[in-house]
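Below is one structure; the comments refer to it alone.
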Amino acid sequence: MDMERLTELLGQVQSGDCTIDDAVAKVRQLPFEELGGHARLDTHRAIRTGAAEVVYCPGKRPEQVAEIVQRLTEISGRAMASRANETQFDAVREVVPSAVFHQIPALITVGQPITPTNPDAYVAVLTAGTADMPVGEEASKVLEWQGTRVERLYDVGVAGIHRLLAHIDLLQNAHALIVAAGMEGALAGVVAGLVACPVVAVPTSIGYGASLGGFAPLLTMLNSCSGGIAVVNIDNGFGAAQFAHRIVRLSLNP
Amino acid sequence: MDMERLTELLGQVQSGDCTIDDAVAKVRQLPFEELGGHARLDTHRAIRTGAAEVVYCPGKRPEQVAEIVQRLTEISGRAMASRANETQFDAVREVVPSAVFHQIPALITVGQPITPTNPDAYVAVLTAGTADMPVGEEASKVLEWQGTRVERLYDVGVAGIHRLLAHIDLLQNAHALIVAAGMEGALAGVVAGLVACPVVAVPTSIGYGASLGGFAPLLTMLNSCSGGIAVVNIDNGFGAAQFAHRIVRLSLNP
Amino acid sequence: MDMERLTELLGQVQSGDCTIDDAVAKVRQLPFEELGGHARLDTHRAIRTGAAEVVYCPGKRPEQVAEIVQRLTEISGRAMASRANETQFDAVREVVPSAVFHQIPALITVGQPITPTNPDAYVAVLTAGTADMPVGEEASKVLEWQGTRVERLYDVGVAGIHRLLAHIDLLQNAHALIVAAGMEGALAGVVAGLVACPVVAVPTSIGYGASLGGFAPLLTMLNSCSGGIAVVNIDNGFGAAQFAHRIVRLSLNP
Amino acid sequence: MDMERLTELLGQVQSGDCTIDDAVAKVRQLPFEELGGHARLDTHRAIRTGAAEVVYCPGKRPEQVAEIVQRLTEISGRAMASRANETQFDAVREVVPSAVFHQIPALITVGQPITPTNPDAYVAVLTAGTADMPVGEEASKVLEWQGTRVERLYDVGVAGIHRLLAHIDLLQNAHALIVAAGMEGALAGVVAGLVACPVVAVPTSIGYGASLGGFAPLLTMLNSCSGGIAVVNIDNGFGAAQFAHRIVRLSLNP
Amino acid sequence: MDMERLTELLGQVQSGDCTIDDAVAKVRQLPFEELGGHARLDTHRAIRTGAAEVVYCPGKRPEQVAEIVQRLTEISGRAMASRANETQFDAVREVVPSAVFHQIPALITVGQPITPTNPDAYVAVLTAGTADMPVGEEASKVLEWQGTRVERLYDVGVAGIHRLLAHIDLLQNAHALIVAAGMEGALAGVVAGLVACPVVAVPTSIGYGASLGGFAPLLTMLNSCSGGIAVVNIDNGFGAAQFAHRIVRLSLNP
Amino acid sequence: MDMERLTELLGQVQSGDCTIDDAVAKVRQLPFEELGGHARLDTHRAIRTGAAEVVYCPGKRPEQVAEIVQRLTEISGRAMASRANETQFDAVREVVPSAVFHQIPALITVGQPITPTNPDAYVAVLTAGTADMPVGEEASKVLEWQGTRVERLYDVGVAGIHRLLAHIDLLQNAHALIVAAGMEGALAGVVAGLVACPVVAVPTSIGYGASLGGFAPLLTMLNSCSGGIAVVNIDNGFGAAQFAHRIVRLSLNP
Amino acid sequence: MDMERLTELLGQVQSGDCTIDDAVAKVRQLPFEELGGHARLDTHRAIRTGAAEVVYCPGKRPEQVAEIVQRLTEISGRAMASRANETQFDAVREVVPSAVFHQIPALITVGQPITPTNPDAYVAVLTAGTADMPVGEEASKVLEWQGTRVERLYDVGVAGIHRLLAHIDLLQNAHALIVAAGMEGALAGVVAGLVACPVVAVPTSIGYGASLGGFAPLLTMLNSCSGGIAVVNIDNGFGAAQFAHRIVRLSLNP
Amino acid sequence: MDMERLTELLGQVQSGDCTIDDAVAKVRQLPFEELGGHARLDTHRAIRTGAAEVVYCPGKRPEQVAEIVQRLTEISGRAMASRANETQFDAVREVVPSAVFHQIPALITVGQPITPTNPDAYVAVLTAGTADMPVGEEASKVLEWQGTRVERLYDVGVAGIHRLLAHIDLLQNAHALIVAAGMEGALAGVVAGLVACPVVAVPTSIGYGASLGGFAPLLTMLNSCSGGIAVVNIDNGFGAAQFAHRIVRLSLNP
């Protein structure tokens, strides 16, 4: 397609429909447009999967968040902003009245989730405890937003391993697993020994004392002797969703 | 199947073909048989993909390594052992004379790699520097061993970003990327911004001073603001290969 | 008992009182029921010792805490919730008006502690300073709730070692010791050199500067050269109580 | 006994068999003798349980180790020294020819283990991997030396959870569990959710990369959300044995 | 004195003025009384030097602080409480109306500082910056409270080394130096190279980024290659004062 | 000059215009005056470059800040105070009504920036993200205050490397680069591979989870394998500006 | 130039001298050629300043080092390799017999240092102690290799501040300072307060105990309250030299 | 004396015995000579106390150590070098044949210790275990070398607190205590609660697992709630001796 556009432009130059100066100006953009081409690819992908439309709110002022969400909404009719606070949402709602605030994973959305192209392909999102739920929900909602079906399995930590085993089929048929766990973080390793699909582990900052704000489960997950685990940043449900989305998308368009 | 077997058993009880005592004994085994069933599934998977046949050598005595490799060879005609030293290899060769020692990633192999079922599907394995090559090779050789095609792209660190951009097609057509980088570890994040497939990041212990034995690149990778990255343990080329293998296998058998 | 139930079920199948389909459905639960059997054992144990009835409140929303406490109260007539805040208690009291809030260890209780079966067996709970008292109280109240007698010995830190030695008999006759200490955390090691029973050490986050939120006493306790010490998480009076309870229970039902 | 001795002394003063000056001198010793009394108690306990007879070798010169082992052998006919190297053993054997060197947990012993008084009471010693075996063996041999029966269950890590579940009875009938695990260290928490006895967790330094020399499993174990776990220092099989011995001894002499 | 009391007691036994049983009871107390004797010595020392009269407030409830200050005031007519907050002071003032609150080092005092016995002997208290002043003031006021003269030298950090050198005489004639410094904490080492008296270094939590809450200056001070430095905890002006007070007292009563 | 003054003084001694005692007194001051001479040089430099006029506000009480700003204003007609809060600014404005508060980098200024002597020489200030902007602005405003031209290039992080490449000329013509980046902090290393001027890297505390309050980008920057990077403290835009200012000043007055 | 080339190409398309297909192919290369242009610029810079010719040896096999040094020698007649060991040097000498090994900073050189273009411009390289000398020598030799004059000032640590002050003129006339210091690392901050040029601080791993392999001086340097310091990695004399070289080069070609 | 010399010089200027130029030259040296004057004072102190004559060997080449020891021997007839290895000693002995090597604290000495001026004043040097002895011996030998009497009390750790209490008089009559302890490091805090003199705590690297190379006892000591403790670097027996020497010297010359 990029090559198409370039061919077309060069054709216009050849035919005289475009002056050399105009062409220079346009082609000058090209290197970056070609890189922007990746961005454009990204944009295409974004339109198709929703991957690019998520604004990370912390450290941004309310008016900045509002402006970006507004622009995204204008471009694509939908937008998502993660880790938003109430003030940021208020600023957004003022310029995009249809914006919705999902309190639990602190997400702002405008518009609707993409409909999954393949309803059989799903990511199972597990949390070890009830308190890990917000991280799990961030992953789940971001996946659904991007058109990936999600099966939630919350509060299935290793202290009661049978709760987990009761859902073994659900685990084994997933395209990918996201496992959010705080405290000891052992759930990801136990699960990875039971399934054949990739397990994306999300350490959470749930815990106290020597949990070190999530470093304890992070280390547990990195050191897992079960194969097939990879880890994202502490509490980074969003990153886990993006990663799992890439896996699922790949399996649908191999 | 399990339910089939159970239905059959209960039918035998109903029909009197099985005493209650025998049935109690059999059903009591079921939970573990069912789990053992997963192990069997695991075994099947191992035979098919080679995933289970890799022996982790550190901390094992030479005779232990030799015994396990010998048993694996007997069962499946092939075996792989990672992070082996010369002494361990000597012990292996004594009982399995056909064993081969690959010095660079310190691997012992018996038998041949599996032939890839789909030669179009490949994992691109990148290293930032020459010194990260052993980790890259561990990932590459383990993937090939398990029947996944590998494209190697070594020494393409961010200090000369154009070296990387020159191979953009190779990156963008891969089913997954493995990026091994020490020192600052920035390569994974830069790459993840250029491709749409999952990027498995492997921090390496290459570096000095404040590289903290690989913790510096580990943190860089975990904190990457590019989406689509997940991280395995320091120097864990093997784990990255296992994870990437799960992705590729999935995309081939979605 | 589980086997009893299974035998009975199989008998019903044999006699035709239960269809094969119904039996399949019931037995399907069994593996997990058998594991659930441990849970059931747990339930039995919980009813007997109170171990299972403690809800960990942090990270749970008030309505979640309230719902769980209510359900536990319905099942067993009593409930305990640890590390609760006022808002959570308010939510609990609305649905369980008889709930009581113990401000110092931040515990909610419904119903009465279990009466100790053996009043001679006790756990001595020591704190090094006055500020460690909340952690000591959490341990003490949880133990008493589960039917274990407690002897409190607070503010007996090593800066005035004679205060401790004055109570040597109390220490030496205990079934287990719980020692909560912040700052330098030396008390556990000194005490362990004076008694023959197990010493459960609880580092506390009391301190400042280089106490690292309890990591300093944690390290002190782990490195104790006195034998007979084991350590639980920082400020984890609850965990220490559970562990000590297992010891005492064992010594009463060896 | 101390009081007996004191009463006797005072009787001698009363009767004039002991001058006041002599009595003053003797009583002056008492405070320390009474503390020494604890030491004596310790000695009694040591003779009975073997607890005190273990010499910690690192940092001691061969002749120091030899001298202490020789003296212990003279006193009680038996001795144990932990973490000994070959040089230290050579020095010991020169003065105590009957000394034996156990290479795997690097123990020197003189004389025989104590015969368990209650063969039904045992400690189950688990290791997650083969490489954790030396730590497990240190715990096992020290326990047996002190007269506690041991059941070994090695290489039952969570990556293959069914291996563990196959031995559920052995676990549930133990008086205490010792669980040695490196890498992710998740085994202790999983096990603690399955049994009702105290679980003594020993993190090991087995692992690489982010295992931080055993800190990763240490943190995992401290943060376990299963109740009933307490932790000893990294690789401290000896300390775990001492702690478990106190539990068993207590349950035999409540 | 203790020996006097013991001799007297034994005389009473010899003479029959005291029964053996009574003597046993009394002598049994002795060990702790003798240790209590150290406590008594401590009490004497406290009365003489003011060392024991400082209450550490954090983690104590207002009523606890108030009760202890009140009791100390009753015993000795004066009291000091460190790191108090307004609420604690309010509670104190209610029961001890003459209590005074010194906002900068957050000290409560009742009564007057002890008059120095030797006005020539002084401790010089230095701070690197203005922001380290509260720590310096805690040290200064505690020293003065205990009867040690203080010379203050604030804001003389190494960024302008000449400010320090201008006061070289004051430094060189001190009996001890207390140096409070945050950020890089280099002042203590520079000063210790200029004087012959002991330098007590107090790292402060002043700083940002990589100052790690005072760990950076703590490490600087511990690693100083100038001899004659020893370090107390972060922000621990009080501990520095106590240590310096011991030095000065010793030099006055060698 | 100092030598001039000394020669003159000695001449006065020789001629009898100055007594030996007076000369002794004056010469005694010299060492510190000579160092004071550096301070004077500093003052000169400060007047010329504005380097010395920045007050660091944290930990200073409002009245202290106000007093210093007032004195600086009296001396030089201008003043700058960094990391000020509203309360500190209110105190300043009361005594220096012309003071201005710049909310984003929390700076107070009195008077005008120095006009750059060479408008061609500039420092390019880059930030990886929008949230790093306050750190970038602190650097930019401090540089401009001291008379160095600044080119801002914000939000050009490595996740979209083409945004950066679009401004390659601006980067390559700068006298120095300041690169503020949080999260993974990779921007500095990528940039340093593209330019020949010194790159001053400022890690920021923007990020979450394993960003460790800025330690992750700090380590990334220290471990950069691109040459030509040096690092300042986390969030220390001010320090980066001071360092870059020294470079630019040097290149203008080599 | 690039725009020139593009204009020319488009002219050829317009005139028919270049087919559209060929033009598409060429323009597609442009982005990378433009980046390759930077690389070409880099090559130019390298040839001019010697910056690119230093091979970092650790982690490279002897034959790899030898090959790269040989190729560099072929291209430019000279080469430098840092942190080489004897084995690597032996491999180099075999293919480049004129190679020289400088034992102290472990450097291999082929050919001669570049003659400084401006002998008045120099970098002063300071070390705090004798043991920091190898790091200082690495910086010095690399600078000289690249054509920058160096003044060495070793063993001038803050414990004897007058040793430093004796050389104040040398410090104040330098174009940049490199300060290598281990242990407490205070030298950089003290020096930065005395000069107006940029100070590049190199923490060294010299020290013991709490020096943490160089992290203590690293933190000291980052937290310096003197302005004008920036820090490179621990023991990274090479990086400091590269950075200082950029400063000097800039001041000579502003 | 410095003032004397200056007065004399100025007198010579006045009388014409010294030209102004010569005087300028000499006075120019003065600032540093006056600082050198502190160094000279240091030299005096060194001659009197032996403080300055200790060479720190690590990181110095044998010939460097030999040269410094030789020069010190020439100047003062005696010398001490700490942490020397055999090779360094061999180099020393070649040039100073009378040098002696003390293997345990790895000290080289030339000449004899200074005779204590006051044999009543002593420092008690305690170690917690046998393995801490080398650190204790470094402190003891350095103190004796400098003319301070030492009382050694080794292997009195808190696991057997009565061993310590048996020597309470020795502790209470000391001018200062040095307490070297590894593992948990609790001894310093316990001792500081029993005596009134300053306690210099030396953490040692003895320990394993979570002792973190001495960081665990370092933290314990810094966090001690007993007053009167200050801490030196890990294993720094030498620094503790220097510090204690300053205290004793002060108490003898108040």
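Per-chain residue numbering starts at 1, and chain names A, B, C, D, E, F, G and H are given in the order in which the chains are listed.
Here is the rule we use: a contact is a pair of C-beta atoms (placed from the backbone, for glycine too) under 8 Å apart; a residue touches a chain by one contact, two chains touch by 3 or more.
This is a predicted model, so every value here is computed, not measured.
Participant: Taking all residue numbers used at the chain D/chain H interface, answer same if over half belong to both copies and different if under half do.
Facilitator: Shared-number fraction below one half, so different.
Participant: Could you work out which chain's C-alpha centre is the most distant one from the centre of chain A?
Facilitator: Greatest centre separation from chain A goes to chain H.
Participant: Where the CA atoms of chain E average out and where those of chain H average out, how many Å apart are those spots?
Facilitator: 25
Participant: Please tell me the distance, in whole Å, between the geometric centres of chain D and chain E computed from their C-alpha atoms.
Facilitator: 41
Participant: Between chain E and chain G, tell me the centre distance in angstrom, where each centre is the average of that chain's C-alpha atoms.
Facilitator: So the centre of chain E lies 50 Å away from the centre of chain G.
Participant: Going through chain F residue by residue, note those that touch at least 2 other chains and give them in order.
Facilitator: 31, 35, 38, 129, 160-161, 165, 194, 209-211, 215, 218, 222-223, 225, 233-234
Participant: Who touches whom among the chains?
Facilitator: Every pair of chains in contact is listed here: A-B, A-C, A-D, A-F, A-G, B-C, B-D, B-F, B-G, C-D, C-E, C-H, D-E, D-H, E-F, E-G, E-H, F-G, F-H, G-H.
Participant: Help me check something: in the complex, which residues belonging to chain H touch chain E?
Facilitator: Going by the criterion above, the answer is residues 35, 38, 41-42, 45, 51, 56, 121, 165, 168, 175-176, 194, 196-198, 200, 218, 222-223, 225, 227-234, 238-240, 242-243, 246-247, 249-252, 254.
Participant: Quick one: in the complex, what on chain B touches chain G?
Facilitator: Within the complex, chain B touches chain G at residues 129-132, 160-162, 165-166, 206, 208-211.
Participant: Would you mind writing out the residues of chain D in touch with chain E in their complex?
Facilitator: 3, 6-7, 10-11, 13-14, 16, 20, 23-24, 27-28, 30-32, 34-35
Participant: Across the complex, what residues on chain A touch chain F?
Facilitator: Listed in rising order, the residues are 31-32, 35-36, 38-39, 58-60, 64, 203, 205, 213-215, 218, 233-236.
Participant: Given the complex with chain G, which residues does chain E contribute to the contact?
Facilitator: Against chain G, the touching part of chain E is residues 128-129, 157-161, 183-186, 189-190, 192-194, 207, 209-212, 215-217, 219-226.
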